[in-house]
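What follows are several structures.
Presented sequentially are two complexes of chain A, the first with chain B as partner and the second with chain C.
Right, the complex of A and B next:
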């Protein structure tokens, strides 16, 4: 049967490495499982109750929420602004597009190291503190100051640098799909170029792209791990859900029961939020 | 691009298309662009500066714009540092990047072609079972996947790094959509000549789809090379560290010098800078194709 010759290997792998882990994890979330992947003692819903009343887990969800409130709107506005700028420039457009897209070549680890050791280094030789020094201001311990929470500045800017170019490319593709006749019609009808055209032609035409950017961005923010792990580590502040789950399930005590329960709670939250967001924006609505 | 310039027929101001805000707006946009370019290139400047500096240059109280004597010896210092297996890590990353990308494209393209072209009673159900995995947020699955991989005994092995990442429902989905739009006439001509699905796929479909493969390959390779969480989970022994894990461990090591670490950063992004230099067209296609799911 040639269908299975083509699809079989993939489906087999998917069963072993996607479906089986989820099922196994679901089973394990009802058991006590310290340093083992075999279910040992059945505890019912206790792992879930523990996680939902765990102050650290709840505060990690709070950390995520603060992060999303900053990163999602900033990414949306700035990547759209870059796309509009690059799209309107006549000289060296490819150069500008490449410059903004280039950070995509860097990993979160690389960017975190630059941010932590060179830009936001708390000692005097960090670039940010050097610049503050030029203005006579005192240096700041960027990553360890909790009050005021300066650590958000490196955390948010590192992700902006890494991902703006990616979303800019999506917006540029969206802009280029808009039919020029719409702009011609608007011009003939006397619409003022600038804000009016942007508000009534460009933005509505970018609807599908905008929804995709918002959803992709929010899902990515939920799964933030790399930069938090490398910039902050396992502290009581600036710790998003994945860093916390990583530490309880793969840290010194491998508590895979609670880890599984936490991962499944997080998965359900992400799916609900994604569905709500799609519903609100009417993803897939006719005419998009 | 505004269309007004075409209908109005006025001469173009330099640089931007006809600006509604006049000269002030145009200057403002150039300033915004210039500031953005500086900010975006700043981290790259820091990589080059720090990688080629002495430690004293970096930690000096006054900012050194660029090292007077470029320290190319930092490269050999990095690769001779016994505390960090950088050469091994580069090798591991290369194997993971190449095999991971090739394997994922092979499996997903065949699955996508089968789903798009080969009639089968339950094809719909299989397709839904694949798409359903897209609903599960990828990063949340690291604990479940670790459970399976560790019971297979694959922790700290290249197998463990590569094989679980090969089965991308999203890639299979993209290939299916792409093959649905592939010109059927090409395939039918070959089938008349007696080729089976296998022959048609390898001799007609794949050779005529190379730009699509290149686009997905570029983006998959970058994703594999830069991935961190899964290699961190699996790489419990330093012999199986990828470059990303090695660099991350580097920071927490007490002995680390900043110049050495930045040389590691420079070395680690080199392969990707090459991809950007030569395959950027495919890369941008890949982003556009995989970024929007429709």
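Right, the complex of A and C next:
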């Protein structure tokens, strides 16, 4: 009885808000469903064929890939560096930890608006352009310039600012689990503090944390929506899959058939990547 | 009631807990609905048998508009009308609202054939019949599919280029008459503080239609074929890239082109914007304001004005279609004082009724009068057969041409394919 009392609301929520929509989406993906969620015209696999040959959908996957190539390694390296630094601090460690963690509590929408309206706006009094002005450089329309693609700088920095602290905490937890005796043994064996210890003790010991950070990061990158939607809007140069699918199915187009097909294709891609990584890194296997 | 007797394993307390949990879940899911413009209770408080209607608006930028909309709704006595005022992405909220009967009863939008095909709106021929001749042909055509009128035009919003006369005089240039003039004027007006022209933070997607019209083309031809595929159209889109690449276009402004913020703050000398912003701009500049249409592509072309606007519709999913139609007739056909108030007392809009437009004294002088004249001479309204999907393909084409400098002809071919697919889906 108490089992269902505790689990019930969660299961109900999962059924109503996750499984039912997924199944409904699967059904919709086989129908022509403009402006309706109860379609009647069955089209078989046509929606899937359309999406897989839709150059906009494919280029949105490309946009995601570029984004992941920037954001995943940068987040990994910087959050690890921050964790190492904060872990070394002798005084006010809790203070530094909190300061770096705080941006995680900020909403993506709010942060995007600050980035768009005050830091990276295109006029001369924007923060970034003011700084450029000190060096005599011309202002840049950060979000509107595609050649060179300056828009990546606001897009990547806003996410870095927001998520570094979270991954830093994961790394700090990992660092604190490493037994000090390992370091002592290394010093006894003549290892030099610094790179050598980091390379041969710290990094291997952080393997589980590192893999977790990489995977979580990659999945978060797949889900990128808020900052793109708020910073770029519906423009094809900065349109990751979720923004594209949102515009197809929930924006004014209301083409729920193609949108559902695209969402399921994306789900399959994420599934394949997750399975591949568990083959390669072994993260998520029993006993980890 | 045997069916409701709890089974043996269940005590009364357990049952209470369970039902309590369910009630909490139900309350939670109900709360997810958000502001639909409906009263949260049943509605009929003291109203007797009056219908309750929900009327949806997007957020107008001018102060006083929301209060005015509420005032009109309160003044209507045959039904209880509640207002949903939507900041942000109104189109998306409206689209999902129209999927269910939880959406609006009456709403403002622009018609596209998809709304008719999927039975989202009802025909309003019966309420417009008596005054049909009093509407401009374009404002009727943009709301007509297969001979039936589906919406009552509320306001007409011409989009044109407004400019600071003093800045053009100082630079010694005349108001541009061709696109090339416009590009060179933008260049000359650009200083290190002020950019020549502002056409939107997206680099000028709003200019796609006007540039096409100025070349003699149109998005769709009258027999529903793509009308943007010839060499002159490609040339016009190429000019938009030239303008963008001239480094005289304001980009990344804090407010977008629909808001007079950029020109009012002195960030730009010219701005593509609607007539709605005239009161706001006049407050900042007085008479130092001029207006031109989108200039002609060349001697062969003609200037163009986008005659946009908002239209009132009745949702086919409404539980009170007849009451909703009656309300629309009352507000947007019978109540001329409210229509005049809405068109002239906040932003400036042209009243779609000829009789009302003729009386609109605020639009009979200065830059507003010039805009009205330009709209009459060069105005283009939307074709309802142009769907949002076609528009996305069109805008993607423009982004690639304008910002990435892609070959217009190749991009046109890509957009043409999407438009043709849509056309064959809609018209066979």
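Rule of thumb we're sticking to: the second predicted complex is superposed on the first by the 271 of 288 C-alpha atoms of A that agree within 3 Å, B and C clash if a C-alpha of one lies under 4 Å from a C-alpha of the other, contacts with A are read in each partner's own complex, and residues count from 1 in each chain.
Note that in this section a residue touches a chain if its C-beta (ideal position, glycine included) is under 8 Å from a C-beta of that chain, and two chains touch if they have at least 3 such contacts.
Quick caveat, the model's predicted, so the values are computed rather than measured.
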First (chain B), second (chain C), both or neither touched by A:184: first
First, second, both or neither for A:35, with chain B first and chain C second: second
First, second, both or neither for A:106, with chain B first and chain C second: first
Partner chain in contact with A:141 - chain B first, chain C second, else both or neither: second
Dominant contact partner of chain A by residue count, chain C or chain B: B
Touched partner set for A:252, first chain B, second chain C, both or neither: second
Touched partner set for A:124, first chain B, second chain C, both or neither: both
Touching partner for A:222 - first (chain B), second (chain C), both, neither: first
First, second, both or neither for A:90, with chain B first and chain C second: first
Which of chain B and chain C A:237 touches, first, second, both or neither: second
Contacts on chain A seen with chain B and repeated with chain C across the two complexes: 1, 5, 9, 13, 16, 37, 117, 123-124, 233, 250
Chain A to chain C touching residues, read off their complex: 1, 5, 8-9, 12-13, 16, 34-37, 55-56, 117, 120-124, 126, 141-147, 233-237, 247, 250-255
Complex contacts: residues of chain A adjacent to chain B: 1-7, 9-11, 13-14, 16-22, 24-25, 28, 37, 81-82, 85, 87-91, 96-119, 123-125, 127, 130, 161, 165-166, 169-170, 173, 175-176, 180-184, 187-188, 192-194, 197, 208-209, 212, 216, 219, 222-223, 225-226, 229-230, 233, 242, 245-246, 249-250, 256, 259-260, 263-264, 266-267, 270-271
Contact footprint of chain A on chain B as seen in their complex: 1-4, 6-8, 12, 14-18, 20-21, 29, 32-33, 36-37, 39-44, 46-47, 50, 58-61, 63, 107-108, 110-111, 113-115, 118-120, 123, 126, 129-130, 133, 135-148, 150-151, 163-164, 166-167, 169, 172, 196-198, 201, 222, 225-229, 232-233, 244, 247-248, 251-252, 258, 261-262, 265, 268-269, 272-273, 275-276, 280, 283-284, 287-288, 291-294
Chain A-touching residues of chain C, taken from the complex the two chains share: 9-10, 14, 17-18, 21, 24-25, 29, 89, 91-92, 95-96, 98-99, 114-115, 117-118, 120, 192-193, 201-203, 250-254, 267, 387-389, 392, 395-396, 399-400, 403-405, 414
